[in-house]
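Common to both upcoming complexes is chain A, partnered first by chain B, then by chain C.
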Partner chain A sequence: MIPLIGLIVGILLGLFLEPTIPLALQPYLPIAIVAAMDALFGAFRAYLDGNFTDRVFVVSFISNVLIAAAIVYVGDQIGVGSQLSTGVVVVLGIRIFTNAAAIRRALFHA
Partner chain B sequence: MDLLNQIIRQPVDPDYALVKARGDGPTRRGIAFAVVAIVIGAMFAVAAVQTNRSAPVLAGERTELISRIKAAETEQDRLRERATALADEIATLRAGALGDDDTASALQSQINALDPIVGNVAVKGPGLLVVVDDAPTGADQRQDRVLDMDLQVLVNGLWQAGSEAIAINGHRLSTLTAIRGAGDAITVDYRSLTRPYRVEAIGDPRTLHARYVESSGGIAWNELAQNRRMRYEISSMEEMTLEADPGMVLRYAKRAKS
Partner chain C sequence: MPEPRPSGRPRRAAAHRSLGLSPRHRAQRRAQQAAAQEPEPLQPETPQLQTPDQEPSAPAENLQDGSVAEASNPDRSQQDQSPPAPDARRRLWHSLASPGRGQLIAAVILFVVGLGGVMQVRINNADDTYTNARREDLVQLLDGLGSESRRLEGEIADLERTKTSLQSGADTQRVAREEAEKRVEVLSLLAGTVPAEGPGIRLRIADPSGKVDADVILDAVEEMRDAGAEVIEVNNAIRVVASSWFATGPDGLLIDDSPVSNPITIEVIGDPHSLEEAARFRGGIVSEITGPTIGGQVQIEQLDRVVVESLHSPVPNQYAQPASPPPTPR
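Up next, the complex of A and B:
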């Protein structure tokens, strides 16, 4: 229940407080979101597999987001920022799809 | 492929299995977990809100630019009208200043003869009206649209056929007129045209049509009309009036001492 409630509270907070992201951080937000989605799906699959640990989830989420942002940052500095973001999105996207497929199999046996 | 295979084979963080195997058991750190969940939710919301917020700004900038273009074009129209009025005034004043002697009337007749040719005054007479437009289907394909080059070819054909004065969508062509593409539009005299394009040419009504069809422009346009299915209509006109080109100004060339 904690994750669902947390998600909803977070969405409501974001909608009503409308915090402004500093301009320098804006390019990293979409990548951070994709990394967060990857962490979420991975966590849900681990939960279904029965070996979910919230410590691993917290650590993997933070490190995923930071590493994704760092890759994009380095890419921006050397002039291939958009290509590297594409790479990050592709890799994380594959993982998200694979995890989603596993979750679907586990939930619906289909 | 190895990389992709590995990603597909190991989509879940292997730490989950490691920690499980170490037997730490489910630790309960609800606070950190909840905070991360809140952060993720907030990130979604903030990103969505920001994207939606910047969209109207972009649209607003676009409308603003369009309205500025419109205003500039209206201003240009106004200035052109003024230029035409001033040109009329110049003609009147010149006629007054030249007086009545022989040189004056010779000069005046020279001016009268040259003005219509260079496009400095409005002219009327019989001629051809050519209406062209983009092909009806697949107008998104660049080749099916009328390009600046196509209009140039058409106009050159009309000159070749013996036209004495030509106007496109009411813009009189002179030796200083450019027909060129700017973005998606074709400009004549730096004014963008709207479709369809009406090309009017004054010339000998008996030969203009036939000679135009045989000219390189006529041949090229026949092909465009047949292969690209562009609209292409030629009609003879008993009488039409072409306005003067208000842009007839020499900025650098001066009359040589005679």
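Up next, the complex of A and C:
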């Protein structure tokens, strides 16, 4: 319940305060969000499976986001930024689908 | 730290996993997965293999393994579903009822994710007019812009040409007007329709015996013109022009039907030195007038500024017409 409230508060704050991030960080935000979503789904799955640990969750969240952003940054530096970000999105998308499938199985037996 | 996890969840998970993977299931799965990679059975034991101060099985790693297993054989999802479900649901309800520290952290992280997501959506919406356009559309757009700019450049060139021609037209008109004005000046000086001034000489002829007649004055005018006289005036009243005539009437000298009184003053605009020389040369006007035949006196002074204010009123030509139309000023 509290996580849902946090999500809603975040969305509302983003909608009403209209924060902006520095232009230099803008290319990494989408990838970071996808990585964060992956970490969230993984955490939810782990929670349903019973082996959720908040410390692991925080560490994996932060490291996922940072590594995704770093990959895109390196890709930008060596000229394959769009390809690398596509690859990262594909991998994270696969993981998200897998986690979603596990959650689905855990919750709905299907 | 023998048991790092709060509440007996991991043990329960391990329990249900081992419950879920009955020997029959395991056998089936082994049969299906002939290949050596089989990460799923190892999972429940991973926490036990770790040293106590290490964190138990990071979710991401677990999930990675799970995903590999899931991707490798999707049909297995039918098999290990029944036992964990009630547990998971119960845990979900329990979490809704009694939130803990983990939920707070999750809330914070979800807050961050929601904030970032909204920001990204906003950024994406702000400038997606061209970022989401396909390459063909962009190429077409660029083409359109290129042809448009070419068309506008042609228009600019046309307008520039028009402007130049108008400017040069105005210039030629101005030049023609200046030319015409110059001609008008020259011609009106010649025709005596405007006052004139300039360096020149003044000639005073004293003729006590009245023997200075038209011939003498005509000679004087001819001499002056020969010396480059531009404007000639007699007695401050008569402008000598191209059509002037000289005659000797019963009352004395006549120029253009006007009587010329004695003494006669002739003002001439031209080079003063040449004019005086022309008047004084041997056998010229001065010697003629001062000669024994006339016995008059001539006084000549060179002036820096001679003002001729008398005008000749031109009479329209009655018979003569220009033979060809005057050239159009260009």
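The rule we apply is simple: the second predicted complex is superposed on the first by the 110 of 110 C-alpha atoms of A that agree within 3 Å, B and C clash if a C-alpha of one lies under 4 Å from a C-alpha of the other, contacts with A are read in each partner's own complex, and residues count from 1 in each chain.
One rule holds for everything that comes next: a residue touches a chain if its C-beta (ideal position, glycine included) is under 8 Å from a C-beta of that chain, and two chains touch if they have at least 3 such contacts.
Since the model is a prediction, treat every value here as computed from it, not as a measurement.
In the superposition on chain A, A:V91 contacts chain B only, with no contact to chain C. Of the two partners chain B and chain C, more residues of chain A are touched by C. When the two complexes are overlaid on their common chain A, residue A:I8 makes contact with chain B and with chain C alike. When the two structures are aligned on the shared chain, A:H109 is found in touch with chain C, with no touch to chain B. Shared contact residues of chain A with chain B and chain C: 2-11, 13-15, 18-19, 21, 26, 29-30, 32-33, 36, 39-40, 42, 45-46, 49, 51-61, 94-95, 98-99, 102.
Residues 1-11, 13-15, 18-21, 26, 29-30, 32-33, 36-40, 42-43, 45-61, 64, 94-95, 98-99, 101-102, 105-110 of chain A touch chain C in their complex.
The part of chain A that touches chain B in the complex is made up of residues 2-15, 18-19, 21, 26, 29-30, 32-33, 36, 39-40, 42, 45-46, 49, 51-62, 91, 94-95, 98-99, 102.
Those residues of chain C that touch chain A in the complex are listed here as 4-5, 9-10, 12-13, 16, 47, 55-60, 62-64, 66-67, 70-71, 77, 81-82, 84-85, 87-89, 91-92, 95-96, 99, 101-120, 122-124. Of all residues in chain B, those touching chain A in their complex are 4, 7-8, 11-13, 15-17, 19-20, 24, 26-30, 32-50.
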